[in-house]
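Here is the structure we will look at.
Going by the order they are written in, the chains are A, B, C, D and E; count residues from 1 in each one.
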Amino acid sequence: DTIRFWTTEEQPERLAKQQEMAAEFQAATGTEVQVIPVTESDLGTRATAAFAAGDLPDVIYHPLQYALPWAEAGILDTEAASEVVEGLGQGTFAPGPLAMAAVDGGVASVPVDGWTQMIVYRADKFEEAGLEAPTSFANVVAALDKLHNPPEMYGFVAATKVDENFMSQVLEHVFLANGVSPVNYDGAAALDPAATTEVLEFYKAIAEASPPGELYWKQSRELFFAGQAAMIIWSPFILDELAGLRDSAPPTINDDPTSSELASKTGIVTNFSGPSNPDGAAWGDVRYFGITNDADTDLAMDFVKFSMDEGYTQTLSIAPEGKFPVRRGTADEPSKFSEAWSMLPVGVDRKAPLGDLYDQAMINEIVGGLDVAKRWGVAEGQLGLASKMINSQVINRVVRQYIDGEIDAAAAVAAMNEQLSAVE
Amino acid sequence: MNIATPPKGRGPLAKREARLAWSLLLPTITMVSLVVILPLLAIFWISFKPIGLADLRPPAPVLRESLRGSGDDLRIEYRLRNSSQDTEVTDVTIRDTWPESLIVAGDLPSGCDLEGTVFACELGTLEPGFNEQLRVPVALADGADKDTAEDAAEGTKPQVQGNADSILTNFEFTLDNFAKVFDGDEFWSVMWVTIFYTVFGTVGALLLGLFAALLLNKSFRGQGILRGLYLFPYVAPVIAVAFTWVNLFDPFSGSANALLLQMGVTSEAINFFGQRPLALIMVTVFEIWRYFPLSFLFILARLQSIDTDMYEAADMDGASPFQKFWYLSLPMLLGILSVLFLLRFIWTFNKFDDIFLLTGGNAGTRTLTVNVYEQAFAVSNIGAGAAVAVIIFGCLLVFSVFFFKFISREEGL
Amino acid sequence: MSLLRFGYVSGPVIGAIWLFVLATTISVTMSFATGDAFRPALASSLVLGALAGWIAVIPQNKTTKIAMISAFVFAISLTGFGPIVMQSTATSQGFVAILLAIVMGWSIVAILVDVPFGSLSRHEMEEAWIRFLTGFGYIFFTAIVLIPFYVMVMTSLKSQSDLLQNPLDFSLDFNKGTALFRSYYELFRDFNFGTYMWTSFYVSVLTVLITLAFSIPGAYAVARLNFRGQKAFSRSILLIYMVPMIVLALPIYIAFSVTGLRNTVIGIILIYPVTTIPVALYMLQGYFRGLPPEVEEAGLMDGLNRLQVIWKITLPLALPALASVSLYVFMIAWNEFLLAFMLLDDPSKFTLTRGVAMLNSSEIPREHLMAGAVIATVPVMVLFLGLEKFMTKGLTAGSVKG
Amino acid sequence: MGSIKLEGVEKWFGDVQVIKGIDLDIEDGEFVIFVGPSGCGKSTLLRMIGGLEETSRGAIRIDGRDVTAEPPAKRGLTMVFQSYALYPHMSVRDNMGFSLKTAGAPKSEIDTKVNHAASVLKLEQYLDRRPKDLSGGQRQRVAIGRSIVRDPTAFLFDEPLSNLDAALRVEMRYEIAKLHQSLGSTMIYVTHDQVEAMTLADKIVVLDFGKVAQVGSPRELYERPANLFVAQFIGSPKMNVIPCSTEGTSYSLSGGRGGDYHGAGEATQLGIRPEHMEIMSVGEGALDSVIDVVEYLGADCFVILDCGALGKLTSRVSGETALKSGERVGLSFPTDRIHFFDRAGKAVD
Amino acid sequence: MGSIKLEGVEKWFGDVQVIKGIDLDIEDGEFVIFVGPSGCGKSTLLRMIGGLEETSRGAIRIDGRDVTAEPPAKRGLTMVFQSYALYPHMSVRDNMGFSLKTAGAPKSEIDTKVNHAASVLKLEQYLDRRPKDLSGGQRQRVAIGRSIVRDPTAFLFDEPLSNLDAALRVEMRYEIAKLHQSLGSTMIYVTHDQVEAMTLADKIVVLDFGKVAQVGSPRELYERPANLFVAQFIGSPKMNVIPCSTEGTSYSLSGGRGGDYHGAGEATQLGIRPEHMEIMSVGEGALDSVIDVVEYLGADCFVILDCGALGKLTSRVSGETALKSGERVGLSFPTDRIHFFDRAGKAVD
C-alpha cells in the first residue's frame, strides 16, 4: 500500500528527515509513504486543484490558516483527525492549538508543531541609544526616530509584498497587538476605525523606515543579517541562521559567515501591544496534519499517529527552532516530547542546541509565547471566516495602497470593511 | 463563334488531388480542433459560468466501507459523503456484496435491504456537505477469522450512484464574470500595463535588433560567433534567464545593485523588480533583451538579401553612409519591420511566462495574460479567468484582422 | 551639427565619449572578474578622452599617435586622476592602467583614421561616427548578452554566503577542486535532476517525432496540393499560431483535471505537440513551397503516385528543413515552462524547467537555482552552437513566435 | 506505338482560357516542336499531354487510347524539364534507374538499361556522381538518359536547352537530333528559340495565344507562312512588313512605287524578309529610303533603312558592303519573295 | 573632358590575380566595349574604373587626374548596372534625381534636369511610377536616365542589356547607339554578346583571363584577329580551325590537300570562317568531307561537315542550298580569307 503525503517543508535536509521517518513507518507497518514537497505559497491552489481532480493526497502538512476553510470545503476528513487526537489522548496536546482547529465534535486536523512570531531587534543599538525594547507601537516608533539612518541602517523592514503570506502574518500580528479583529462571535465585524487608523499609521511609519520596493521575509532577513536593519519581524526559524549555522543564509554583518556575533547582539519580543490594547498579543502559527477526504483513511490515520508518537521527535528535529512541540508527551510520560525537543540541535551546516546559543530567558520567552498566542477568530469561533479573509489578501492590498499614499486612512478602513464583508 | 465558357466542376485529376489533400490533412485537423478549437469554445462556455476551481469536481456521492470494532461490537461502517458542499445529490443508491463470513447482528439502517449476500440501500437525496456513517452491526460466522473477513468485506468495492447537477454542464449562465472583470479599476490598470509592455517591448526589441543587424551586416572574422552569441537570450530557456535576471537585480544581494552602488550611480539599493513603476520598465527591458535576437535575425536576413548593386549605385550617386541608411536601407527594411512589428506585437501581447517568472504580476506588472492566471488559480475563480481569456482572444482577433490585411500586401514571412 | 564638420571638434567629442565608454567597460569587467571596486571617473574620462581625440586627428603618423595617447592615458592613470578610479592592489592597478592606455590609443586612432584636422567632408564625418557607433555597439551587445550568462554560471559555482558578502566577487577559488561543482552534485543527488533531464529529453524527442508525423502530411497538402479552402487553411495555421498559450492552458487544465491526465507525463506528451504543430506546419509549408515542383513532377512522370513522391523525393530533399524544424521544436519543448508548471505537481514527473522552477520556491540556496538554470541551458546551447546553421534557418523560417 | 492525338483540347485556369481548343495529330516517330511567344501556352499544352495538368475539355489519345483522365504515371510518356529536375539526392545511376526501380524491375535489368543509356549519352564515367557535381550539359544528358531508360511511348521536352550557354546549346541540339535519328521515338519539344525549332523539327506547331497559328515543316513555315503572325515569328531579323494596296495584278506602296501582284483578293500588307531585299541606286526598285544605321556583324551587315511614313526596314547584306549611314538608296522586292497579307493578317496567295 | 587612361592596372583578390596588368587609353567621346568569356575580368575592370573596387596596383587617370585612391562619388563617372539597381521604393523621378538630392541640389534644378533626361529617354509619362511597374526596357531607360542626370565625365555600362529578351535587346541597342551619338560622351560598355560589341563599339577591348588579347575596331577584330583567341571569340558560328603545316609558301592539311601560304614563319593552324568556305564537288578544293547534318535556318543553312581526323567544320550557305546530309563534298578555302596561327596561337601574317 502507498499513501501520499504533502509537506511544505521542502528544503532538501528537511525533506530527507521526513523521508527517513516515512521509511521507519514503512518498516513498522509495511505502508509506503511518498513524501511530496509542495511550496507553501502554492499549497492553497494546489490542494483545491487536486480536490477538483479527485487526486488529493492522503495527508497534508499545512498551516493553521487552511484548517477550517479546507474542512468546510470538504477537503479534510475531520472525523479521522478527531479520531487520531482521541487515540493519542486529547490531554497530551497543548490546548491552544487544538482549540484553533476545533470543529463540531473534534478537530479539523491534528496539530503538530507551532511557533510564535517575534520582533527581532538589535539589542546593542537599542542599548546604545537608550531605547526600550520594542514591545509597543510607541517604543518602535521611538526607536525608528533614533535608529533609522539609511542607507547604513534602516529602522525597520516591513512586509509590503502583497501576495506573500508573510505580509498577512505581520499585519495580523500588528492588528492583534492593537486589539483589532475583523470578526466577532457573530461572524464578520467592521474594523474599529480609530484603532485601525492607529494600526495603519503605525504600519506606514515602519514602512517609511523601510527600503523602497516590495519586501518580504527574504529582504528582512538579508538586511538584518547585513546589519542594516534595526528591527524586523520574523519567525523563530531565523534563530539558527542568525547564529551562523547555515551557509545558505549567513549573517553578513562581519566577514565570518559562521560567527554568532549577531545573535549575541539581538533581542527578541513576542508579545506586542498597541495604544488601544495595552495588554498586547503574540501571534502564533500552528502546523497540522490534515487527513483528506479522498484518503485511505485507516492508513493515513496510522501514519499521522506514528508521526505524532514514535516519529514525533523526528518530526520536530526537522527544525527545532521553529517547531515547538504541541504534544508535550504521552499519557505515561507527560513531558516526554518537550524534554526531547529541548535537546535537539538546531542548524543546518553546523549544529548546536538552542540553549548554547541564546539565553535561557530568551528561549523561554519564545516558547512561552505559543501558549498565549492569538489568531483572529480563534476565541470567537470564527477562525474559518478569518482565515478566508486572510487568504483573500484584501487587507494586504488595502494596506499597501494606504502606505503608497493612494488612499487615506479613512478610505482604507472603509475599503477593508467593504471588501472583507464580501468574503464568506 | 460562341463565347467560350469554362467547364463546370473539377476534372478527375483535380478531384483525386483534393481527396488526397484532405486525407493528409485529416489527422492534423482532428488534432488541432481537439486541442485548439475545442478549448477555445470551452473558454467561451466557461466564461459565462460562475465557476471556481473546486467546482471542477462534479458533485457525486462518495462511499467507503470498512469493518470496524471487534468481538461483540463488530460492525460494518459505510461512510457516505456528498463531495459537494453546495449541490445536492439525488437518487443515491448503494449496492455491495458481503462475504459469507459475516452475519447481520442487528437492525439494518433505514432504506437498506439485505438479500442473500447482496446489501442494497436507497437513500434518496444527500444534502450538500452530507457526511455520515451507516453502521451495520455484524457478527462473525462460525469459524470465520476477523482479518480474513475484513479483507473479504473491504475487498469488494461497494457501488454507489446518484444524480447531481454539474455546474460545468448545466445551462445556467451569467455575465458576472465579465462584470467582475470590467468592474474593478484593476482591469484598466492591467490593460494599461499590457499596452505599455506590448508597445515598448515590441518597439524596443525592433530597434535593438535593427542596431545589432546593422552591426553584423558585414562579413568579418568572428561574425558567425557573434551572431550565435547574440541569439543566446532567445535560445536559452526562459526559466533560466528569468531567474538569472531576478538574481542579478536583487535589491540587496544582486550584482547589478552592487555595481551601481560602487559606481556611485545610486546611493541606495534599487528594488528593480519590486517597485512601481520600475518593475514594469524592467520586465519590458527583459522582454526587449530576450527578443531582440529574433528581430536581429530577421532584419539581418533581409539586409543580406538587399541587392548590393543598389548600394553601389548609391555610391556612384555620391550618397553618404547615413544617407544610404536613411534613403535606402530603411525603406527596404520597412516591410520586414512592419511585419515583425505586427507579429511581435501579437506575441508580446500574449506573453505570460516572462512576467510570471520575474515578478508574478506584482508591483504593477500584471498584464492580461498574467491576470488570467491570477484569476483562475490564485483566486481560484476559473470563470473570471476564462472571461479575461475571452477578452484576450477578442483583442487577438482584432490584431489578426490588421495582420492579414497587411501581410497580404507584404509578402509573407 | 555643422560644428562636427571639423576634425578638431568631432575628434575630441568622439574621444571623450569613447574613453568614458571604455572606462566603464573596463571597470565593469574588472569588477565582475575580481570583485574589487573599480569605477569610471566621468570628468577625467571626458577631459582625457577629448585630448586623446584631439591628438588622434592631428596630422601625424599613426604609430606616433597611438604611442602618444597611450603614454598620456597611462601616465595620468598612475597619478590617480585617471579615467578609472580603483581601490585595488598595485598590480591590478598597473594592469588596468596599461590595458586602458593601449586599448584607448589603438581604438581611438582606428576610429578617427582618415579624419583630417580641419574641415571634414560629410562622408568623413559620418564614417568616423559610424566607426564609433560600431565599436560601442559591439561592446554594448556583447555586454548585455554575456553578463547574465556569466552571472548565471559563476553564481552556480560560488556559495551564497560568499556572494552575500560581495555580490560582485565572482572570482573562483580553484583550490576547492571538484567542490566547486557542489551544487550541481547536490542537484543530481538530492533533487532528482538526473530524472528531470531524462524526462525533459524524452518528452522533447517524442514531441519532435509526433510533431513531424502530424505536420509533414499537413504541410505538404497545404503547400502543394490544390483543393478548395487551401488559402483559408494556410491562413488559419498562422492564426492558430497566434493563439496565446495561456488562453488554451486554462481549458486544457480543466480537461486534464477531469480526465486524470493532469500530473502525468503522458498528458505533457499529448499537449506539447499541439504547441509545436502550428509552428512546424508553418515552417515546413514554406519549405515545401520552395522546393522545385519539377522534381516532384519528374517523379510523377517516372511512375510514382503522390504518396510515393512525398516519401521518396520530397522528404529526402526536405531533410535539412526537417532538421531545422526538429531542432526548433526540440528547443521549444525543452524550454517549455508554462504547461509543465500548470500540469505537473508531482516531483517525480517533473521536466527540467519545472524542476528549476521548484528550486526558486523556498530557501534553497541561490547557487542551486543557478546550477539548475545552467543545467537547463547547456543542452540547448550545445545543440544550438553545434547546429547553428540549421537553427538560424529554423528560426528565420518559422518563428516570429517567442 | 507513339502516336498522339489531341481533340478539341482546352485548358482553363479559373476563368482564363489558356488553351483554346487544339486539334493535333502527331504520328509515331515524329519530331514535333511547339513554338510561340512567351505565355502562349506551349508548356501548358505539353504538360497536359504529360498529364501534369488536367485537361479541362477535349480528349487526348495515345495510340488511340483515351488517357485524358489518367495520371501521368499511366500514360507511358516521359518528360525532360527545363530545369532538368534531377533528383539531387541520388547518384546519376539512381536517377536514371529510378523509374524502373519504382516499377519493380529486377536489378539486373535496371543495370543493363542504365548502362546502355549511359553509353548512348557518353555518361559512363559520371554514373556515381551526384547531379550537383555535373556541368550543365551533363545534367541535361542525365535528364535525357532518365527518359531513355524508360523506353517511353514518346518523349516530351520543355525548353530543355534554355538554361545552357550558347556554345553548349549548339552542341546539345546536335546531340538531340542524333538521338532522335537513332531512337526513332516520337518527340514533342517546346522551345521559344526558333533556331532550335527550325533545325530540329519534322513538324513545327506555331502557337498564338492558345491557338494553333500554323502547323508545317520548317521550310513550309519559312517559305509559305499562313499568316502575318507566323511570317513575323519565323526568321531573324524578322520579316519587314509594309502597308500596301493592291489593284488587280499590281500592288502599290504609298510614297513609293509598286510591282506585280498575283494574289486572289485584296492584300493590305506586304512582307519581305531582310535577306531578300535588294538595295540599288536611288529611284530604282519599289521604294526609296535613307540608310539610318549600318550594323556591322562581321559576315553580315544589318542595314536599317528609314522609309519615312512606311517605317523602318531592315535589310541583311554581306559584311563587306560599302553602304554608309545617311546614304539614300532604292529598294527592290523580288516578286517571288514577296508575301501578301489581307486585312485579317491571313496570307493571300 | 572624358578621357580615361589605365596604367599597368592590376587586381588581386587575396592571392588570385584577376586583372593582370592592363594599359589602355580611352579618348574623350569614344564608345569602348570590353568583351571576353565569362570570368575574364570585364566587370572587375569596369568596377575598378568606377571606383567600386580598389585598384591593387597601377593607376587610373581621368582627364589626366590620378583618381586611383578616390571614392566613386568623386570620380564623376556613372554606372548602369546589369540588374539596373534601381531604388525599388522610389518613383522614377526620385530615382533619377537621387544623386542630385544627396549632393544637396535645389529642388528646381533637380526637376529641370530630371525632366530633361526623361524627355531624352521618352520617360515623361512614367515619372511617377515605381520601378516594379515598368517593363524591362523602361527600367533600363530609367537606369540610363539616372546616369544622364548627373552629366558625368563618362558612362560605364555593365552588361546593361543582358536581362532583356531578344527583341527588346535589339531595340535598346539601337537606342544606346543613338544616345551615344547625341550625347557624345565617353562610354565604356561591358558585354559578352558579340553582336552588341560589333554593332556598338568604336573600339573593342577583348579580354582573356585578365589580359588584353586585342584592342581594335570591330572590323579589325573580325578581319585581322591578332590571335586564335580573338579569331574564335569574334564571329558566329565561330571560325573553323584546322591543324596544318606550312612549308615555304604553301600549307598542307594532313589527309587533305593544301594551298598557298604567304606568312612569315611557321603556322600550325589554319582558320577559316564558315561564311568564307566554299563547297564544291568532291576532290576539288583543299579538303574532302562528308556532310553530317544540314541545319536549315530559313535564310541560311549551317552545313556541318565531317572531315575525319581534322574534326568537324561548319559552313554557312544560303538557305536554298540543295546539299543533303551524307553527301561527299570538297571544300575550298579562298586564300585571302584564310588566317594562319603559329604554335602559340598568334596570328601569322
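The working rule: contacts are C-beta pairs under 8 Å (C-beta built on N, C-alpha and C of every residue); 3 or more make two chains touch, one makes a residue touch a chain.
Predicted model, so just to flag it, every value in this text is computed and none were measured.
> Tell me which chains count as touching both chain B and chain C.
Chains that touch both chain B and chain C, as defined above, are A, D.
> Just to be sure I understand the contacts, which chains border both chain D and chain A?
B, C
> Taking each chain's centre as the mean of its Cα atoms, which chain lies farthest from chain D?
Ranked by distance of C-alpha centres from chain D, the top chain is A.
> Where the centre of all protein Cα atoms falls, which chain's Cα centre is nearest to that point?
Per-chain C-alpha centroids ranked by distance to the global centroid put C first.
> Between chain pairs A-C and B-D, which one is joined by a greater number of C-beta pairs in contact?
Counting C-beta pairs in contact, A-C comes out ahead.
> Comparing centres built from CA atoms, which chain ends up most distant from chain B?
That would be chain E.
> Taking the mean of the CA coordinates per chain, how far is chain B from chain E in Å?
68
> Where the CA atoms of chain A average out and where those of chain E average out, how many Å apart are those spots?
That pair's centroid distance is 94 Å.
> Measuring centre to centre with CA averages, how many angstrom lie between chain C and chain D?
Centre-to-centre distance between chain C and chain D: 58 Å.
> If you average the CA atoms of chain C and of chain E, how far apart do the two points sit, in angstrom?
So the centre of chain C lies 52 Å away from the centre of chain E.
> Would you mind listing the residues of chain E that make contact with two or more other chains?
Where chain E meets two or more other chains at a single residue, that happens at 71, 73.
> By residue number and range, which residues of chain B touch two or more other chains?
Residues 14, 56, 253, 320, 377 of chain B each touch two or more of the other chains.
> If I count partner chains per residue in chain A, which residues reach a count of at least 2?
Answer for chain A, listing residues that touch two or more other chains: 49, 52-54, 222, 226.
> Name the touching chain pairs, would you?
Per the contact definition above, the touching pairs are A-B, A-C, B-C, B-D, B-E, C-D, D-E.
> Residues of chain D touching chain C in their complex?
50-52, 71-73, 77-79, 81-89, 98-99, 102-103, 146, 150
> Using the touch definition from the top, list the residues of chain C that touch chain D in their complex.
292, 294-295, 297-305, 308, 312-313, 316-317, 319
> For chain E, which residues count as touching chain D in their complex?
The touching residues are 38, 165, 170, 174, 177, 195, 198-199, 218-219, 222, 234-237, 273-275, 293, 295-299, 302, 304, 316, 319.
> Which of the residues in chain D end up touching chain B in this complex?
Result: residues 10, 12, 14-15, 17, 20-21, 51, 54-57, 69, 71 of chain D touch chain B.
> Can you list the residues on chain A that touch chain B in the complex?
44-45, 48-49, 51-54, 72-74, 79, 150-151, 161-163, 211-215, 219, 222-223, 226, 293, 297-298, 404
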